[in-house]
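Here the structure is laid out as structure tokens; the discussion comes afterwards.
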Amino acid sequence: MSSQFGHLFRISTWGESHGGEVGVVVDGCPPLLELSEADIQRDLDRRRPGQSEIVTPRDEADQCRILSGVFQGRTLGTPIAVSVVNKDARPESYREMEHAYRPSHADYTYQAKYGMRNWQGGGRSSARETIGRVAASAIAKKVLGALCPGLEVIAYVKSIQNLHAEVHTDSVTFAQVESNIVRCPDQAMAERMIEHIKAVRSEGDSVGGVIECVVRGVPPGLGEPVFDRLEADLGKGMLSLPATKGFEIGSGFSGTILRGSEHNDAFFMEEGKVRTRTNRSGGVQGGISNGEPIVFRVAFKPTATIFHSQQTVSPEGQEVELKARGRHDACVLPRAVPMVEAMAVLVLTDHVLRQRAQNH
Amino acid sequence: MSSQFGHLFRISTWGESHGGEVGVVVDGCPPLLELSEADIQRDLDRRRPGQSEIVTPRDEADQCRILSGVFQGRTLGTPIAVSVVNKDARPESYREMEHAYRPSHADYTYQAKYGMRNWQGGGRSSARETIGRVAASAIAKKVLGALCPGLEVIAYVKSIQNLHAEVHTDSVTFAQVESNIVRCPDQAMAERMIEHIKAVRSEGDSVGGVIECVVRGVPPGLGEPVFDRLEADLGKGMLSLPATKGFEIGSGFSGTILRGSEHNDAFFMEEGKVRTRTNRSGGVQGGISNGEPIVFRVAFKPTATIFHSQQTVSPEGQEVELKARGRHDACVLPRAVPMVEAMAVLVLTDHVLRQRAQNH
Amino acid sequence: MSSQFGHLFRISTWGESHGGEVGVVVDGCPPLLELSEADIQRDLDRRRPGQSEIVTPRDEADQCRILSGVFQGRTLGTPIAVSVVNKDARPESYREMEHAYRPSHADYTYQAKYGMRNWQGGGRSSARETIGRVAASAIAKKVLGALCPGLEVIAYVKSIQNLHAEVHTDSVTFAQVESNIVRCPDQAMAERMIEHIKAVRSEGDSVGGVIECVVRGVPPGLGEPVFDRLEADLGKGMLSLPATKGFEIGSGFSGTILRGSEHNDAFFMEEGKVRTRTNRSGGVQGGISNGEPIVFRVAFKPTATIFHSQQTVSPEGQEVELKARGRHDACVLPRAVPMVEAMAVLVLTDHVLRQRAQNH
Amino acid sequence: MSSQFGHLFRISTWGESHGGEVGVVVDGCPPLLELSEADIQRDLDRRRPGQSEIVTPRDEADQCRILSGVFQGRTLGTPIAVSVVNKDARPESYREMEHAYRPSHADYTYQAKYGMRNWQGGGRSSARETIGRVAASAIAKKVLGALCPGLEVIAYVKSIQNLHAEVHTDSVTFAQVESNIVRCPDQAMAERMIEHIKAVRSEGDSVGGVIECVVRGVPPGLGEPVFDRLEADLGKGMLSLPATKGFEIGSGFSGTILRGSEHNDAFFMEEGKVRTRTNRSGGVQGGISNGEPIVFRVAFKPTATIFHSQQTVSPEGQEVELKARGRHDACVLPRAVPMVEAMAVLVLTDHVLRQRAQNH
């Protein structure tokens, strides 16, 4: 069960970073939706390595194939399997990992849990596993397109280390996000971020930051209290991404310094719809969407792989020094933007189907 | 499925705030564990209303009954049902809620989702629902006691609005937490917090804050990547609690301003065990516990119920003013401490059983 | 997970035969359905002990209480908890069971599985556990009534030992079934069955038989291949009832002696609908309902409790003799009829909601 | 969720009969088990078409590839993906199916459920889907080999139409089953069955029959009442196979004609173990294995595809005549034997892990 997500729109991802292939099976997709490999490829291209000068140079086309579940260009309602072959795997770059746990990586914990690990790269803990998620979310978008027309999910880099962007959640566009290689819609700050990432990388170091995501056009009523609250499932989805350390929705941690009289979102009527004057709730109240934009943020730690010498230990219990080789992102955030969107899309799609089942 | 949590140690909570009864069914509990109503009552007493001068004066003894699954003082391995009767429900205090949505409450969203709601109090969105969770966690503690002796879960108030406590995660004790009514182990700060909550309450207002939780004595290997990472399940559990707006583990959001070379936790050997020099990972790497203390924080917004007049709308679409009556917590955090512990215990117990199934 | 059934309309039953109380929590029920305790009581009365001279004289009113999930007479969409107190439990009648495993009962296997058991009666293996199922199905019928008006589920005794009834699945009515205490719509055969059960009981012995169930008015499209085929879920539901040894649908085992040319159901059109000339498929093809009546049969073994002296062993490994005391059904089938209906209703309701989610 | 099976050892199958590829993802497999493609191939070869003169001549090597989850010859504990490419798909043979529903096939019901279908063969309803199940069961056998050494699962043809074999469940061997192409260990009857199938096939007709399965060396304690009783999960697994119409365990339907005094299995002690004198329970009591051999039977209808002209209707609602072309099994049972074994292995493996989690 470790590699499945969703209750009705359920995905199963598989594959190791430096194994032969990675992929996903999507179960529960509604039928009759138009779907092609090009639909999926578009999203995979946004998360693939080698797409710009600030991400890892690993050269993977990440070309997808749909293996089942589609007939004459439309979904059948049966499981959709999607696969991507690893082309530029270089397991030999990881040979020293056989005898050293990389600090703040998953090497030690996988060994502790399973008694063995694929030490030729990150295995399942690699961001490469998210190919399956992004592919599945491309399919899920078709469901949302059919059932929630007008819903849009836009994620972007909000901060890199101490560089904070100014972004308006009501008006930010996908084009603004995609207009630069760091995926920050504040163009001036984007340039500074890019320069900063380059500088850090040249020093063999790494940085983290915060990705913000806004979902507009959400119908009221999504989310299933008490445990499958919308923010709980969004939070779980985000915290299941590699390198994440935190999640907050609406006012988040900064909301804890306000009083109730400052924090509450007053209701009013607008064109026959219930609206709120402010949106400190972040679009979710009591675990259920209220129709306002959903706004949340995800903290990503600095990449664990750095090209400095580090203290660590071997599986045999010896203290050793380790210096990374290989090809890595000095900052994962530009490529994590589509991953955050993917998990948001998957959570929303699942809840749209659940809502339809119980409360149509 | 909305009210179930856990994969192997699965709980199902039921009951409305001002209905007759609330409770839980625990499925999957191992047999042969000693269990009495007193074991459960101890934990329920920590979360019940009326226990101190800074929490709601609603007078509920929250006396529990075990209805099944226990025989001659030990668990049978069959479902354990626990029930608590509501004694001091006063649904008449909520009459005005029939015709007004309380701002930043779940009134509107429940109505939008289900087409109706129990307006006599918060229904399922009330903190009263957490009785079932706390009762279930008292049972789960028996499992942890048997399978992970030495594991301890300690939560406490870390901040109230701008009042921040100093707490050492390696040494904080349950007794320190319980030594004052705000449940903050920094005694000097606890006094200031208590005074502050009283002052805010007297103004008819409310405050929020942050609860920190540390889990010590965790065996390495808990957590199931890629989706059921330990921090993902902890995050989901916490974000399923009423009034939460954020979750972070280890370095969390503040870790995003460090470089990789500052953030990585170096490994070393100590008494034959793999340890880390620092713990910015918060005890979890790649979604799996590494044996270091798990440390996470949860943001709670200020209580939505305030005794000021507020703008809102009615189910009929009229804009109206609303002023709360009834008995409420001006700050939920002291009572939320055992709720946070409960969810942590439930997540850990489930993962201990899952680990035993796959990797024993 | 042992005591939960259904994917979207999910029930959790709890309680032991001679514990204080038994019950069920229903999660996922659609809101706005009228529901009262009387709706549930009607079905519980059909399965309760003491209702006629051929069933166990245990005197249980089985009076139910709805504890949550209903407000002003309608379902809220939140978990519905229903409870029934055991009034006439006589655990002292079972004292000898502490030291002897009853043949063909679950005493030994529960002990082997859990290392202990509630020996004061059948515990969870007792038919008393089915109270929760029948209560849940009374709620589920409300869902079917709203979403599949015209659908009807009718079960009846098809055979007792070698006494076989003639029943027309297209025309049999609930009133015919309820017109006699053995619940066999073939009145002449019903009288013979009643006499036979009385005779067997007077000899301290027991009998089994076959219950047939027909579901008419099923919309085409229910069932989720490949694993959750409608017949697979019906089969699982039936085989989860106490004392069942077999399940067959449509032509069943006797269909194995036909050739394909004799067995196939030819399609034809009738009033714009696709129909089949024969119904050897039993209303399900490829795991999905085809709109024809669903017809299946369930084999119930003779009651294991008999009043003859039997060879058995003790938990301590001694060979001993055992002669039952207590109050028992010499034939479970009359009371199992509503249990079969209940499981059929639960399976269909779950699949109606699932179908609505994916394929509406 | 339609294509997933198992709670802890969970498989997800995917692929259509005449699509490009079929496969399975296995989640939850314990690590450190030796596994190669040859281990899987051995089982696939038993169920592949073209293996003998009495099965379909479709020429598929069914060569499997392991795509993930295995490293240096051992399982990693991560998802194991296995894929088989369809080589001899001839979708053109099915062109007439676009405009005619095959009687007693799933064509109409898939269309009714999903609003479309892959009419180029049976799609998901084809026996080809079971490749994923058989591959997964080859992996599961490794788990059973490690955790339940000595457990063996043997299925065989018990009857073809009216030809019934004599088989001793205590002594039948795998070699006996594999010694003839119909997979019936009663050699004399096997010859008659083979002749009969050939004769029926030459007439363009088809036959069904019964497969019996015995599981020896089962530890007591497997099965999770009340819903996941071992026979309920076995029954579901079997009824999820194509062409099945019935399931019975132990005495099954014929047990309904016995009295309790004849049917009960007396307990006795043998070498310190609890045994039963007879085994009408079929190795399961109260839903839990008792250590005796598990014996069950599955009814398979005659193959729906026959080469006679049949009455049917078109998707457009016209009544039409249809005569099959293509390559088909006149009797599915020889190839269904490994499918029955596969589902039994999957159910048992899942329950072994579940038992280890709760009751170790």
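In order of appearance the chains are A, B, C and D, and numbering begins at 1 in each one.
Going forward, contacts are C-beta pairs under 8 Å (C-beta built on N, C-alpha and C of every residue); 3 or more make two chains touch, one makes a residue touch a chain.
Bear in mind the structure is a predicted one, so any value in this text is a computation, not a measurement.
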Per the definition at the top, count C-beta pairs in contact and tell me whether A-B or B-C has more. A-B
So, comparing C-alpha centroids, which chain is the farthest one from subunit A? C
Between subunit A and subunit C, the Cα-mean centres are separated in Å by 46
Find the geometric centre of each of subunit A and subunit B from their Cα atoms only, then give the gap between the two centres in Å, rounded to an integer. 26
In angstrom, rounded to a whole number, how far apart do the mean CA points of subunit B and subunit C lie? 39
Residue ranges of subunit A touching at least 2 other chains are 1-4, 7-8, 13, 28, 31, 77, 113-115, 124, 354, 359
Of all residues in subunit A, which touch subunit C in the complex? 8, 28-31, 77, 353-354, 356-360
Using the touch rule from the top, collect the residues of subunit D that touch subunit A in their complex. 1-4, 7-8, 10, 12-16, 19-23, 25, 27-28, 31-32, 67-69, 71, 74, 76-81, 83, 113-118, 120, 123-124
For subunit A, which residues are in contact with subunit B within the complex? 1-5, 7, 13, 101, 103-106, 108-110, 112-115, 124-125, 129, 159, 161-162, 200, 205-210, 220-229, 231-233, 235-240, 242, 244-253, 255-269, 272, 274, 276-277, 280-282, 284-291, 299-306, 308, 310-313, 317-319, 354-355, 359
